[in-house]
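Both complexes below contain chain A, partnered by chain B and then by chain C.
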Partner chain A sequence: MNLFLSQVAAIAWKDFVTELKSRELFGAMFIFALLVILIFIFSINLSVVKASEVGPGILWAAFLFSGTLGLNRSFMLEQENGCLMGLMLAPADRTVIYFGKLISNFIFLSIMELFILPLFMIFFNIDILEHLLPLLFVIFLGTLGFCALGTLLSSLASNLKYREIMLPVLLYPLLVPIVIAVVRMTGQALNGTPLSGMMNWIGLTVSFDIIYIGVSIMTIDHILEE
Partner chain B sequence: MTDKLDSDSAIAVRRLCKEFGVLKAVDGISFELQRGEFLSVFGPNGAGKTTLIKILAGLTRPSSGTAYVAGYKVDEGGADMRREIGVISHSPALYADLTPMENLVFYGKMYGLESPHESALASLEDVGLVPRRHDRVRTFSRGMVQRLSIARAILHDPSILFLDEPFTGLDVHAAAVLKEHLQNLHDKKRTILMTTHDVSCGLEMCDKAALLVMGRLTFFQDVKEVNKENFATMYFDAVRDNPFTAGIRQQG
Partner chain C sequence: MNFDAMKKNQGESNLLIWSTAVAFFAAMVAIFIYVPTEQTEGVVQRVMYFHVPSAWLSFFAFFVVFICSILFLWKKEREWDIYAHASAEIGVIFCSLVLVTGPLWARPIWGAWWVWDARLTSTLILWIIYTVYLMLRTQSDAGSMRARYAAVLGIVGFLNIPFIHFSVLWWRTFHPQPKVITNEGIGKGMDPTMLATLGVSLCAFTLLYFLLMGVRVRQEKLKDEVDQLTREKHYSV
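Let's look at the complex of A and B:
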């Protein structure tokens, strides 16, 4: 178990150090998310529409679109120079690769979200600080589900010719239940609803998170093998 | 069925096949290699050399037949078998933005080594890259990358090495340095299976020579019994008759 955890940590740490040195991913994700929010800001008349009603959808559109950039890059990094082969030759269970990449994707996306949230607050004039904890919990659940499924599909798409196109095509339809749930929960959190008032949506999101991770554990071995 | 073969063979292959749709990349290969032996496998492009190495390294499953590596059945050996092998391929399996130390320490952790830093340093010393240990791999020449690839492959002190055309893209000097490193590895009683197009170099280094043509093993012999000129003629005939190169000639 210790070896499993240290191997998972080694992969996540390696991705983190690589990103610190190359600085290719985070900047692109942040700017893309910011652009998505700006485009919506200029296309919506906030004096007519209530910000807390349209805001959650726009926020998650920004998270998911920019997160897809990160997922695309995630396994591409391993394909360069045959590094995925190096990982697969290590005496480790293949789920180690999945969980290592899942953690690094989750951390990158979470950091980007933490940078976007204050800007969202300013652009939409919504005070998120009052309801910060429920909001962060909802974002945690949504990001986990997105990364759990996204990491699996990114490993699958990395072997395909049109990987940049295939990942969103495969990912977004399967994400629909989680997206609906997190957009609803974010709206409720911004309106001051406590977590206890959104248990149905939380249950749905947690269930899908578990399903996505479970399916990934069962299939990653076959997906990674050529 | 047991997944461990009790034998002195480092590699034992029996009627091994790998099919991709209608294409038979590996077609009924059988051979055995004792511990400490060096086998050079020659063959034209598309002969199935890389596929053979991928099967033996547990990276892809055979369609039929069996193969044992270090006593483990390749499709069942898993992590235990992978601890016994090292692979050097066309691709170095190194992260270009990391330094050699960072790359090797990372792989050391993946192999569960007790002291990955010390092991990384020792491996870098073996291939003469200690002075460049803190430079990014991106700044290395092809020859240095290939030497670092050797350091990665021997980091966990494997008993069996698979080398897939390790001389590809190297200049004469880099090839000579690499050859010396490989010779050292063989002297340390490691079992080595190398695929190559370089007949003279491959024959010079090996104990056994094999020729793979269109997925079939057409020649397998102790190198002492091999007439080098006849073997070279046989190899170039195989290359000439290879459907891939024949296609290129027709287009030309």
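Let's look at the complex of A and C:
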């Protein structure tokens, strides 16, 4: 078990070091998320619609779109210079690669979200500090589900002909349930509903996370096979 | 595939063709002549006898994709990949039929082509998922990789269905339920003649599924055989 964890940590750490050296991904993700929010703000009239009603949807659209940039890069980076082959040749289980990538994707996206949240608060004039803990919990569940399914499909898409196009096309329809759930929950959390008031949504999201991490563990062997 | 096996297959598919033809003839007679016109909805209600069987067939086909995908990853036999592929194609076609016949009925009855009701939304998402499944198959070269990727998507996609169902259901219950949808359900107690017609139509569509499956699977196997023969020819020269 200890070996497994240290192997996972090594892969995640490798991704961080690469990112610290190149600083390509994070800036692009952040600016892209900001742009998505801006475009949505142009398309709606905030003096007519209630900010707390459209806000959660826009926030999650920004998270998902910029998160896809990160996912796209996650395995594509390994395609260059045959790095993926190197990873697969390492004396470790395939699930190690999956979990390492899952963790690095999750942490990149979470950091980006922590930067976006204050801007969201300013742009939409919503006080998120009041209900910060439920909000962070909801964002954690949603991001985990997004990364669990996203990492699996990213490993799959990286071998396709049109990989940049195929990843969102594969991913978004499958994400519909969790997107509906987190948008609802974020809206409720911002309105002050306690977590106990949205147990059905939490149940759906948690089971989504668990089932897709489980499916990924079972199927990753078949994807990363040469 | 040797000649005897082909002959035997031919005999079986002949039986299937004839029984499907008879079932469809019976269904057409039942739908257009036997069953009385619905009192309030009028003649357009007859589209239901195509709509419901198509929906049943597409869900059944997607379930077959799921089972065959699991079996493929387990056994790694090309056979299961062919079945999953054929079934997904049939499922997408009938899912499209559901999405076409639905608005045809909804426009005069609800007064709108489309309503963002739970059932409509989940059917649309399902259609997208399996269209993407077929797209994925065109994206990689034939062989073990394509089959493995498609199988993973077949499993992931089918497991998504309960999540889609509950999320769109709860998503909609926050709004006033469109009361028209209750008129549609079988639960309201249908006239026995209507139920019988629907039953015949369901049988006919299910037979059609197996017929199409047979044709498509045979086609794919022959394609494999042609590929193999071409390769042999190239190497022998």
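Heads up, the rule we're going with is that the second predicted complex is superposed on the first by the 225 of 226 C-alpha atoms of A that agree within 3 Å, B and C clash if a C-alpha of one lies under 4 Å from a C-alpha of the other, contacts with A are read in each partner's own complex, and residues count from 1 in each chain.
As a convention for this text, a residue touches a chain if its C-beta (ideal position, glycine included) is under 8 Å from a C-beta of that chain, and two chains touch if they have at least 3 such contacts.
If you're wondering where the values come from, they're calculated on a predicted model, not measured in any experiment.
Visitor: Of the partners chain B and chain C, which touch A:L141 in the superposed model: first, second, both, neither?
Guide: Neither partner.
Visitor: Per the contact definition in the header, classify A:V176: touching chain B only (first), chain C only (second), both, or neither.
Guide: Only chain C is touched by A:V176; chain B is not.
Visitor: Contact-wise, after the overlay, does A:E225 reach chain B, chain C, both or neither (first, second, both, neither)?
Guide: A:E225 contacts both chain B and chain C.
Visitor: Name the contact category of A:M88: first (chain B only), second (chain C only), both, or neither.
Guide: In the superposition, A:M88 contacts chain B only.
Visitor: So, does A:V215 touch the first partner chain B, the second partner chain C, both, or neither?
Guide: second
Visitor: Intersection of chain A residues contacting chain B with those contacting chain C?
Guide: 225.
Visitor: Along chain A, where are the residues that touch chain C in the complex?
Guide: 149, 152-153, 156, 159-162, 166, 169-170, 173-174, 176-178, 180-181, 184, 200-201, 204, 207-208, 211-212, 215, 219, 222-223, 225
Visitor: In the complex, go through chain C and note every residue touching chain A.
Guide: Residues in contact with chain A: 73, 125, 128-129, 132, 135-136, 139-140, 145, 148-149, 151-153, 155-157, 159-160, 163-164, 166-168, 170-171, 174.
Visitor: So in the complex, which bits of chain A are touching chain B?
Guide: 3, 6-7, 9-11, 13-14, 17-18, 21-22, 77, 80-83, 85-93, 225-226
Visitor: Mind pulling up the chain B residues that touch chain A in the complex?
Guide: Going through chain B, the ones touching chain A are 54, 57-61, 78-80, 82-83, 85-87, 89-98, 102, 106-107, 109-112, 136, 152.
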